[in-house]
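Paired with subunit B in one complex and with subunit C in the other, subunit A is shared by the two complexes that follow.
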Partner chain A sequence: MKILHFFITRIFLKRWTLVLGMIILLFLANYLSFTAARSIISTFQGYQEIETLNQEGTFIANLDPNSEADFDRIEIDDTKKVYEYLNKNYTYAMQVDGFVTSLYNKYKMEVSFNYINEEAYKINQFRLSQGNHLNFNYKFNKEEIPVLVGAGLATTYPVGSYIEITDPVTQQLVNLKVQGVLEKNTHRSNFYAPNSKNYFNFSIFLPINEEFIQSAGLDLLVNGLMDMVLLDSTKEKATNLSELIQENLGLKFNFFNQQENFNYFEDSYFDSLKIICIITFILLLIIVCLAIWNTLVSIRLMIKDFTINLLVGLSYSKLRAIFYSYFGILFSINLVILFVITAFNRYGFWLKKDSIFATYGMFGLISMDWIALLIVLFIDLIIGFTIVELTIKKIKSIPISVGVLK
Partner chain B sequence: MKYSLFRFFDVFEAVAIYLICFASNLLCIYVQTLNLEGSSILKSFLESITDYQLIINIFLTFIIIVFHYQFLNRRKTEIFCRILVGDTMVNIIIRYILNSIAILVFSFLLSLSLNFYLGLNVTSNLYLVLIFIIYILFSACQVKKE
Partner chain C sequence: MNSIIKLEIQKKTFKKKGFSILNDFKLEVEPGERLCIIGESGVGKTSLLNIIGLLDTQYQGSYKLFGSSVKDLSRNKLAEWRNQKIGFVLQESALINSLTIEDNIKLPLMYANIEKDLTVQDHFKRIVNKIGIEPILKKKPLDCSGGQRSRAAFARAVIMNPQIILSDEPTASLDLENKEKIINLLFDMNKEFNTTVITVTHDLDVANRHERIITLERNE
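So, the complex of A and B:
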């Protein structure tokens, strides 16, 4: 410990420019690997969620990106016709998120209303921290609607409490009864961008049934079609529905089956992930080369100090231990900086009152951040090992007598 | 480069570092011009880097400070010997500044080929040139003998 302190204060920090250069390079390497790791983890998490949807017999709606959609000419009666047809002939999962409304809560966040039907609810299998699951057999306008609230709303609206509010979809005054509280950080990944997630810590889940759909406004009904999932269906039935939607609403929807979705993911996401890995690897290689150059430069300038210490009895194994400890300290500094930046970014969503991205986590970091930090630590170990072993090899290659003469 | 403190390998090192800095800046600008609407994952990954483009590039320029620092430290004995044989400190400093700027200009001109290849504005790297000139002038104060 004493010798490490001596080396750091008397040898390394004497040339602080080199130490600072090394910290900057290692930080760039850490930031890059952290960003890449987090992107990959987030994509895989999203992909796993989508896989539960993407089963045999399911057809997922996708508004044709090449078609021209004129939403102004869509009439509510035509939309209701589509839903009547859907209710009679199909089993479908429907979830529409993000109807923002202002509802008092302890954190003064905007609250979003999410509408979910029974099939979508069964597929999502949300975990609750308190209370009971939703029931869908309520009478709309006659009795209170059972709802689930996000973890951020649990203190203001505990299980059993009532919320009276104008529903943003039906524009009617509704009485909501809190039936349960969602687990912290319950989220949903975007189907066509699995790396992006919406967190439901400040959301209210309303169950929708046929009766509710009859009273719903155009926004919910049209948005409901966007990510609709037909269950236990066939290509022919999906095509029929697509034709009916085009006839009534003028919107061209594609319904992709399991294999088509799988091919889409294969083509789009795995290629993107491969490109991310390649870019990260190349940039890391360049940064590590610069870090090695920085180390070799340091040896050139510090060789006199090293060889004098070797001359008076310092062994190479002890010198190696000193270098590992020194790089351990540098990596720890960088990991702390990375941790602080990430925690601050996460906290920033709370400061900006961005309810969709506000998350709970240990010291402000959520699970994927911690996993990414672990990956960074692993990459740091490899970089540290490479640099230290090269350093020792370089020092060993310089005869002690030559070093002292310098 | 007559009477220069720079050897071929020093010039090579400096040019390589300058090129890394220029290329990093140009690539950050270039990826922002790409249409990545079809690939949200790639787009958000690249955005998380390009959002901090300025900080990353300025961090990278620090490597050139390291270069000048180690270079001048290694040349202290040589500077002492030159003064011993009749050279003056002022001349050494002026030559050092001019040589450093020549290397910088050469690297900048070399980086212009990447500008043309990527179809980017030739002024994209000018702010880095300015930063490097400031570094050179500061490092000139560090030209000292043993």
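So, the complex of A and C:
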């Protein structure tokens, strides 16, 4: 410990620019590995969620990006015709979120309404921390509506409490009864960008049934079509629905089946993951080479100091231990910086009242952050081992000789 | 008397440079002996000092130091012996410039983990007084004169009371007065503690003050 302290304060830090350069290089390597690892974990998690939809007879609606949609021309009656047809001929999962309302809560966050039908609710299999699951057979406008609230709303609106509010999609005053609380960090990944997630800590899940849909406004009905999932259907039936929507609303929808979805994810996400991995690996390699070069420059500048120490009693095994400890300290500094930045980013969503990204976690970090940090730690061990062993090899290749000091 | 050093080198080869030195070289040194090694540049004087000082173990031959075969010693043991049994008196430049003179002198004490020992601290004061470098202890080497730096390097070599002192051109680049001081210090140690002194030098005046002189010659 004393020798390590001596080397750090009296030898390494005397050339602080090289130490700073090394910290910056290692931080770049850490940050790069962290963002790549987290992106891969997030994509993989999203992919696993969406995998449940990759079943025979399942078709996901998607507004054709090449179609020229004119939403102003869409009439509510035409939309209702589409839903009447849907209700009569299809089993479908519908989940619409993003309807923000200002409902008082302890954290002063915006609250988002999330409308979900029974099929979508079954698919999502949300886990509750308190209370009971939703029931969908209530009488709209006659009974209170059972809802689930996100974990962030649980203290302000505990199970059994009531919320009276003007519903954003029906514009009617509704009485909501809190039936359950979602587990912390309940989320959903975007169907078409699995690494992107919406968190439901400040959401209210409102069950929708046919009666509710009949009373809903244009916003919910049109948005509901966007990511609608047809279940137990056929390609022919999906095509029929697509034609009906085009005829009534002027919107061209594609319905992707299991294989098409799978191919889409293969093309878009596995390839992009491969590209992320390759680019990260190349950049890491460049950074590690620069770090090794930085170390070798340091060794060249400090060779006289090392030789004197070796003359008076330092051994190679002690020197190796010193280098491992030194790099251990540098990596720890970087991991702490990375941790602080990540925690601050997560906390930033709370400060900005960005409710769909506000999350709960140990010291502000959620599970994927911790896993990514562990991966970074593992990569650091490999980088550290490479640099230290190459450094020791380099020092050993320079004969310790009194001649070096002449 | 038993030899403290018993060295038999068949050859020391420099593969990259493609030549060998110290072919069939033999050396025995008694405890307390004052030995000087001379010879023209490139004959292997410093290499011999590296071998005797346990810095170089890559040669063909055998070497017994204090009765133990050096090839059987671990790297850690070699480092420990360099710390405790051998002192290197080098040129004035052999100091770490970022450390004070005091820290430079105390460096071997840190590796032996005895720097806080009271008797060691007394010993340190005695050495510093004897060598006359008390006023410069808090200075950095670059703030001292060449003679002061040489004496500081000498203090570091003897702080552990080594049994052998190896000195490589200890008086090079010193004026007459400082040269005299260093040689006197070296021989005082020899007389006072029966320390074996092995010196490499080009200076015949310095060489002649040793008991035995070995002249290394270039191999044909």
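Assume the second predicted complex is superposed on the first by the 402 of 406 C-alpha atoms of A that agree within 3 Å, B and C clash if a C-alpha of one lies under 4 Å from a C-alpha of the other, contacts with A are read in each partner's own complex, and residues count from 1 in each chain.
Throughout what follows, a residue touches a chain if its C-beta (ideal position, glycine included) is under 8 Å from a C-beta of that chain, and two chains touch if they have at least 3 such contacts.
Just so you know, these numbers come straight off a predicted model, no measurement behind them.
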{"item": "Side-by-side fit of subunit B and subunit C on subunit A, or clash", "value": "fit"}
{"item": "Partner chain(s) touched by A:K2 [first = subunit B, second = subunit C, both, neither]", "value": "second"}
{"item": "First, second, both or neither for A:Q246, with subunit B first and subunit C second", "value": "neither"}
{"item": "Contact breadth on subunit A, by residue count: subunit C or subunit B", "value": "B"}
{"item": "Partner chain(s) touched by A:N209 [first = subunit B, second = subunit C, both, neither]", "value": "neither"}
{"item": "Which superposed partner A:L310 touches (first subunit B, second subunit C, both, neither)", "value": "second"}
{"item": "Touched partner set for A:T386, first subunit B, second subunit C, both or neither", "value": "neither"}
{"item": "Which superposed partner A:I286 touches (first subunit B, second subunit C, both, neither)", "value": "first"}
{"item": "Inter-centroid angle subunit B-subunit A-subunit C after superposition on A [Cα, multiple of 10°]", "value": "40"}
{"item": "Contacts of A:T170 with subunit B and subunit C, given as first, second, both or neither", "value": "neither"}
{"item": "Contacts of A:K318 with subunit B and subunit C, given as first, second, both or neither", "value": "second"}
{"item": "Smallest separation of CA atoms, subunit C relative to subunit B, angstrom", "value": "8"}
{"item": "Contacting residues of subunit A [partner subunit C, same complex]", "value": "2-3, 6, 10-11, 14, 304-305, 308-318, 399-403, 405-406"}
{"item": "Subunit B-facing residues of subunit A, complex", "value": "15, 17-18, 20-21, 24-25, 27-28, 32, 35-36, 39, 43, 190, 192-196, 268-269, 271-273, 275-276, 279, 286, 290, 293-294, 297-298, 300-301"}
{"item": "Interface residues, subunit B side, partner subunit A - complex", "value": "13, 17, 20, 38-42, 44-45, 48-49, 56, 59-60, 62-63, 65-67, 69-70, 73-74"}
{"item": "Of all residues in subunit C, those that touch subunit A in their complex", "value": "46-47, 49-50, 53, 55-56, 75-76, 78-80, 82-84, 88, 90-91, 93-96, 98-99, 103, 107-108, 110-113, 156, 166, 168-169"}
